[in-house]
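Got some structures for you, see below.
Below are two complexes that have subunit A in common, paired first with subunit B and then with subunit C.
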Partner chain A sequence: MSALVQERPTAQPAAVIVSEPRRRPSRRTILLLSAAAVWILGFLVLNGTATLALPASELTDLHRSLNQFNAWVGANRADNPLFLYVFTPLRSAVDAVANLFTTTFAATATGLRLPEIGWLGTVGLLTWIALAVGNLRVALLTAAVFVFFGIQGLFVEATYTFALVLTSVLLTLLLGIPLGILAGIYTRVAKVITPVLDFMQTLPTFVYLAPLALVFLIGPASAVIATVIYAAPPVIRLTAHGIRRIPDNTREASDSLGTTGLQRLLTLQLPMARRTIVMGINQGTMAALSMVTIAALIAAPGLGQTVIRALQSLDVGTAVNAGLSIVLLAIVLDRVTTAASRRAEPGAARSRRLGRRTRNIILGVALAVVLAMVQLSRTMLWAAAFPADLNVGPQIVQAVNAASHWLQSNLSLFTVSLREGVTGAILNPFQSLLTDTPFYILVMVFAIVAYALGGWKLAALTTACLAVIIFLGLWSDSMVTLAGTLVATAVVMVLGIVFGVAMGRSDRVDQLMRPLLDAGQTMPSFVYLVPFLGLFGATRFTAIIAGIIYAAPVAIKITADGISGISPTVVESAVASGSTPWQVITKVQLPMARQSLALAANQGLIYVLAMVVVGALVGAGGLGYDVVAGFVQSSIFGKGLAAGLAIVFLGIMMDRMTQAAAAAPARSIPSKTTA
Partner chain B sequence: MKKAERLIKRTLPAMAGAAAAALFLAGCGGASVNQTAAAAGASGTPCGTVNVAMNAWVGYTADAAVYSYVAKNKLGCTVVQKDLNEQVSWQGFASGEVDVIMENWGHADLTKQYITDQKVAVDAGPTGNEGHIGWYVPPWMAEKYPDITDGKNLNKYASLFTTSESGGKGQVLDGDPAFVTNDEALVKNLNLDYKVVFAGSEAALIQSFRTAQQNKTPLLGYFYEPQWFLSEVPLKKVNLPAWTEGCDSNPETVACDYPTYKLNKVISKKLDDSGSAAAKLAKGFTWTNEDQNSVATDIQGGMTPEAAAKKWVDAHQSAVDKWLS
Partner chain C sequence: MNNPAISVRSLWKVFGPGGEKIPGNRELSALGSAELLERTKCVAAVRNLSFDVAKGEVFVVMGLSGSGKSTLIRCLTRLIEPTSGQVLVDGNDVLKAGVAELRELRRRKVSMVFQHFGLLPHRTVLDNVSYGLQIRGTGRNERHAKAREIIELVGLKGYEQHYPDQLSGGMQQRVGLGRALAGDPDTILFDEPFSALDPLIRRDMQAEVIRLHKDMGKTMVFVTHDLSEALKLGDRILIMRNGEPVQCGTGDDLVGSPADKYIEDFVSEVPRADVLTLKWITRPVADSTPGDAAVLNSRMIIRDAIPAVMHSSCPVLVEEGGRITGQIDRDSILSVLQPAEAAA
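Right after this comes the complex of A and B.
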């Protein structure tokens, strides 16, 4: 989920922050309390009625008609003009590009299945590219990591993944940069495009795999198309942002020289936005990597397949080995594109140690060496396929498996009782509070809360979202998902506050934590599921843990930024007036960082929701399960599609509600009694 | 103008390099070790590439491993294995991503869609294995509660099977959501006080049954034969209302046990038409449940699928020769 780069309306800073004098409860509090009262009463009195539960094997008419769509596509693929002239050629074109890169780096379909450029050539070439666009440090990192793939015994898989990421990123840029430029220049385009991007980013990755596979069939082409859909939003947003950010007076200065629109774009807007655009490429690349891994489910070759196989055979060792490769690839892609964006900074050329001429000579010499390596890797077997005797993959797998068996057998008492305790004491009661209350009571409760947070408009939006979910026939499953999501978000917020405050208050903790958080964010969600699956089994608890790990880094970072952003004089004056650290935190820092906390909750929730479907692979029920099952069982295809949409509407609703909570209270409800 | 000049200056070396590399590769394109080494190694008629779908249960892995081993080492084929879900694999016939499914469990709807209607796949005959799906309990339960193996008594025992995941009802533990299953519908249509919970994979299912037998904890779950694990823990089948022709045609109203599956192989029309030896091998391949279980047990015991396949093939040369003749 790259919601990180979403542009959110910046909330107004609250006017009155510290120690508002206590007076009678505000109208908002009264509304929230009455909502809670209605809910509890409804739950106690009408328990179990009108829950709209739909057994897993049952379909509504809507689901059946969506199923028909599946059959229709199958029957009309050969002669429908839409397929004949749009989808099939598009698929072949994307396939051709993907094929070009996979045969170059990973494997050809003939002979010994060696790639066009063997491992030695690949390492050399990629290192040279890293040197050319970045610097020596990232070049060495690239070389080391790609050689390490070979040592892990995963060179072919890693290069498959790399080749697909490369294909996807190129196509993403081809699509995203022009769209971003248009959105940056014309406000009207931006207005049309932004809701589409919002929708694309709220849609969990899994949801569009099934329809895409239906239209474009399984294989690398569908995988690349899915990845482009996932990776394009950050590229479009950041490109547009980079262009819009250019100060007006700079633009006017250029206009006064009589430049035309195209000249202005080429000589002013693009060069000035270059750094932001390259940042977009960085974000897009990271998104592409995580999607390519998941696309293994629709026959994308590479590391994702290894992880899926490990997930299905509970092979922690293999999963960790392949997961390590994915993380390392993520680090290389991140560092190289970051180095490239530094190089793109205006004025970076002046501070370089080497002159351009020296640099070009070095690059030229290096290129000659690289070409020799490429030639070797095409003619010598040892340079084409990574030497098998250097492969220590099986040893890594065995060692990790031994460790995990030990952990599982020694910790099982602890893990099982933790799981049962949390499920029995928190998750189950909360879930039944949502699933066993009549739907009309809950709609009312949500509407009141929405009104309290954001007025009539938000209440109307919330009711509309819930109406769509009811129409989709998935109310009960949505409530199961909501329960898990809210529990996970609550834990994420606790973690966010604890670690965020620690980081915001101490630079040393910050330095210690940040690399960990970065790693947590770059690691594709799939990877860390396997160890937890081993520890906790396939249950909702495991799925919630997966969501927490995915969402906590964002929440922690936002909270930390909020805390450290508080003016030091305020904190110092609180300390000077004799406050204990605890008082400083609870009375000054947390209240002043209230908006950051609300933003952290918003992002945490969206991130958790993005993991709902992936969580279904390790035991979560609800909508995520419907999506996964719809993907693998054609008889419930339609239900899966409907569940995907339900997740989106649930996401939009929760996003708007938390955003409203993040905004200043005075703004949200115009009321005469308070304020 | 100056800017453009600088841009050209900066990108010139890179462009020159790329051009040089392209020329360089084009110049020695024919001499690739990939083709020459392969040409030297192959003998007889070329076999080409076969894409084998790998579904996620060990019995399937055993079939596919033996097929791949023979295709690769006896026929000189290039075998590409793809880890795919059961039903998703069928889509691969249409896209060209999949050539062979080695163990197919029924799937009348997919057979109609891809073999009869779209004509992109061909039935390659039975594997010789007979498949059974059903609900099973660990042997200790069948001893302690003898009447539990009659499906009519399941509601009596529902309270034994409650877990934190089953919402107060008894739990029926299923495997991978991708496996052939009617269990959700069975629970509803047989009015059972149960809830289906998914373990997520064959490995997790086996793990659960093993623990249940070891610790004498109650467990009711989906399971199937042929299956190596049944020789480690002989699970007892629970009898649901017997299967009759057509009783399971509507997945929403099914209220009977699973049929006996004549497991078969399915290959792509493309492979079949090519006349490749790989197609002939796929059609000829047949073995018994014991054969499959022996290979599956080896794989489960830590052998790589390839090594386990080699072991079986070496011991059954004559059977393999019969497939190829």
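Right after this comes the complex of A and C.
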């Protein structure tokens, strides 16, 4: 009771502000409204002028000079010292590691069909590893999934992908854990590294590829390097976080006994951060799988290539079959690394059913069996290549194609009308609002919005980003991408608020939804395109739907955490003063979770952007299309590279704007105007 | 006090930017803490402190939170780097010690027990207790043997393979105590070791420390905010306020003649009869007192003297070093038992 009485006064002033009868609109509101007015007026009066549209096949001088740069790199690769002593050796080293694993598990690069270890040996070995780092359950899962790859007729592709993931993860850990340890121990290192990591994580996976292909050529080496760059941030971050999180008093106690720096690291920091580090390995692995599949665009072998080829030829059946493999591989990698992180928890040793000794004996015996399987797979043909009569891949493909056909013809009333309705009623008008308004009007509008959200600094940054986009000659394509991204983000936020509030208010809903969301987040991005391609065909709409589904879990989770993080006494006091549930949500929970909502919008936007760009594979236009086309045709390579850069600047602009919206306290502005 | 175990001379610790200039600056160093913060953005946690701790003594540093006592004890082994001054351990200046020398000091001479235990959650009790030995490179068998000995000494036999989170708070602090003892240091520092424990456990642990002190005779520096704990354990007590020493002396010095109003307030709740000795209430021998009256030692605690005085029909004589120094009677004892009324 006393707690309720105490909460009252704090709730009171807020209510006074909300219900104040004639409050002048804040400066921010005025600015935003005037921006909207300028935009609408500009659109109506100056429609179609100065749109900076650039047809798909046309290039600007900048694109041509980038093409020339590409040609120059190709010509000077052999004798430029930078390539001779830095890039080429790095590429060969990475290639050597990647080759080691691909020849072991998948097949040799020279065209020799059989890998060092045949399928039986591979399945055995991987199962044993899962048993050793995890438990029996994940070991059985591993065995089942890898055998299923064979049944799908995708064993070689899957092992290629696996080998590349393994290479990337090993290199990521080699780079990420030491960096993470340094960042955890030295504040100065952390201060330098953190903004770089923030920046890297806002970039869509897509944009790494073109510059890397330029420097390191297409192929597994570039794919692995791109993947390492993409997967390292979570590993570095979580390692540093694990070390930083150690309580001061524990560290002090160890110091008081006279530990050296190295002793402190080995006896205190690494053991206590172990669980967090293994969580970092889990996240890094999932990121690696996501990137390795996308790196198929720069000729990385494996499942990604099967999916991309199928998407490009609109072969839904093959795409679904290979997509399923990717999902299964994601599940195995996630479960095994999660089981490993459980094992790393302090105290896990106590609750084990088996003693360490028994476990070691079992592992030893299993290893002997596995070695026999490996030997068998090197000598017997049936154990080396997956038996063809067990391969039901073609049947799966046919069945899926038939189902997709049936869906498209029988559900067409629903799917087509939904697609056309949304495209015609929302997507097209909004897109034309962006593409048909003169660019100088839009730059002005963005600058005003940025000023309203984050002051002069943000306005300057926004204008600079837009100027770069104009300079890159891709204004119109950028607006197409922006339109898709904003529409999808709006839907993501609606989903985020609806489901997030439901989860935040009810533990039952939370328990029901959370595993689904967790699973959704571990999937590589472009697997999402596959089912919607089957339903809606190859259109912009498909990419946007996939983007929404891809980004929704993040937004929902952040919103739910924000809602459930509100102190229960505040909610209790609102209920005690007679609020209806709707009033509690709109007057207490949503306003108090404002920061989380803005963060959800920020993250949702970044995820959507990544997906809308990848959506070029199924017919979304805009910058993504330029990037993909740049990989395929060397004559427009320069345009693709420029489009990649444009995505980066678009991403930075939207990231900073949503962050500013999250950071700016809404209260400070009205208090200034009223005072 | 020849050859003190620890000797502190004009020690300063100033937190904040440019704090190293303040101890040498006559004007700034004289400022009060609020003014100092206002003018320099610095906080002086320890101000010009000097004291000696004798070998085998239990020296208690007492003060309210924010008085700088925890900072002070950390300055002794440079877990917090002091700003200026001198800390001599066995005559060697800790502040001038190099990294290796300081490490050696922490490993062999001075160990510490912490308020929040600071145990390693991923190690068993046995490995926690033997941690310090491992750090200095003792072999596995030897350090486990030594650790088992210590675990028995601190009353945790049978819990060697438990992990810290399986133990109660009191047991965890026994592990912390064991870890500090395992290295066989000359001096043990205690930083409010029992504040996080409930009162009954705290009493047990205090008794444990007294027992260990009797058995092993280690020098102990004990930080606490609890006056009764200070009086119970301390041979001498240093009371700090705002980083400065207010009074240093034995328990009955503090209670019997508080240096200022602050200390007086502090000790006003103490049952004086339990702390003061007869010397504080001795009056000159009256002529009427018979020469063959009972005689008590002046260092006797007053409460222990109550039966003898109450059962005697005449005043009781008090002696010190074989010499009669005065007498006490029922009135003088009653005045101690009811200090409030006596004062009013």
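Just so it is clear, the second predicted complex is superposed on the first by the 614 of 675 C-alpha atoms of A that agree within 3 Å, B and C clash if a C-alpha of one lies under 4 Å from a C-alpha of the other, contacts with A are read in each partner's own complex, and residues count from 1 in each chain.
Here is the rule we go by: a residue touches a chain if its C-beta (ideal position, glycine included) is under 8 Å from a C-beta of that chain, and two chains touch if they have at least 3 such contacts.
If you're wondering where the values come from, they're calculated on a predicted model, not measured in any experiment.
*Asks:* Clash or fit: subunit B against subunit C, after overlaying the two structures on subunit A?
*Replies:* In the arrangement built by aligning on subunit A, the partners subunit C and subunit B fit side by side.
*Asks:* With the two structures laid over each other on chain A, which partner does A:Pro81 touch: subunit B (first), subunit C (second), both, or neither?
*Replies:* Neither subunit B nor subunit C is touched by A:Pro81.
*Asks:* Return first, second, both or neither, reflecting whether A:Ser256 touches subunit B, subunit C, both chains, or no partner chain.
*Replies:* Second partner only, subunit C.
*Asks:* Using C-alpha centres only, what angle sits at subunit A with arms pointing to subunit B and subunit C? Round to the nearest 10 degrees.
*Replies:* Result: 150 degrees, to the nearest ten.
*Asks:* More residues of subunit A are touched by which chain, subunit B or subunit C?
*Replies:* Here the partner covering more residues of subunit A is B.
*Asks:* Which partner chains sit in contact with A:Leu297 here, subunit B, subunit C, both or neither? Use first/second/both/neither.
*Replies:* Only subunit B; A:Leu297 stays clear of subunit C.
*Asks:* Quick check for you: in the superposed arrangement, does A:Pro568 touch first (subunit B), second (subunit C), both or neither?
*Replies:* Neither partner.
*Asks:* After superposition on the shared chain, which partner residues are touched by A:Pro515: those of subunit B (first), subunit C (second), both, or neither?
*Replies:* A:Pro515: touches no partner chain.
*Asks:* Using the superposition on chain A described above, determine whether A:Thr267 touches subunit B (first), subunit C (second), both, or neither.
*Replies:* both
*Asks:* Rounded to the nearest angstrom, what is the minimum C-alpha distance from subunit B to subunit C in the superposition?
*Replies:* Least C-alpha distance: 5 Å.
*Asks:* Could you tell me which stretches of subunit A are touched by subunit B in one complex and by subunit C in the other?
*Replies:* 267, 271
*Asks:* If you look only at subunit C, which of its residues touch subunit A in the complex?
*Replies:* 74, 77, 79, 102-108, 111-112, 114-123, 131-132, 134-136, 163, 165, 176, 179, 183, 189
*Asks:* List the residues on subunit A that touch subunit B in their complex, please.
*Replies:* Touch residues, subunit A against subunit B: 55-59, 71, 74-75, 77-78, 108-116, 118, 132, 213, 217-219, 267, 271, 296-299, 301, 305, 308-309, 311-315, 356, 360, 363-364, 367, 371, 374-375, 378-381, 384, 419-420, 423-424, 428, 432, 533, 537-540, 617-619, 625, 628-629, 631-635.
*Asks:* Within their complex, state which residues of subunit A touch subunit C.
*Replies:* Interface residues on the subunit A side: 247, 249-260, 263, 267-268, 271-272, 274, 346-347, 350.
*Asks:* Where on subunit B does subunit A make contact in their complex?
*Replies:* So the residues of subunit B touching subunit A come out as 3, 10, 13-14, 17, 20-21, 24-25, 28, 31-35, 37-39, 41, 48-49, 54, 56, 78, 80, 82-88, 91-92, 94-98, 109-110, 113, 117-118, 164-165, 167, 176-178, 182, 184-185, 187-188, 196-204, 207-208, 251-252.
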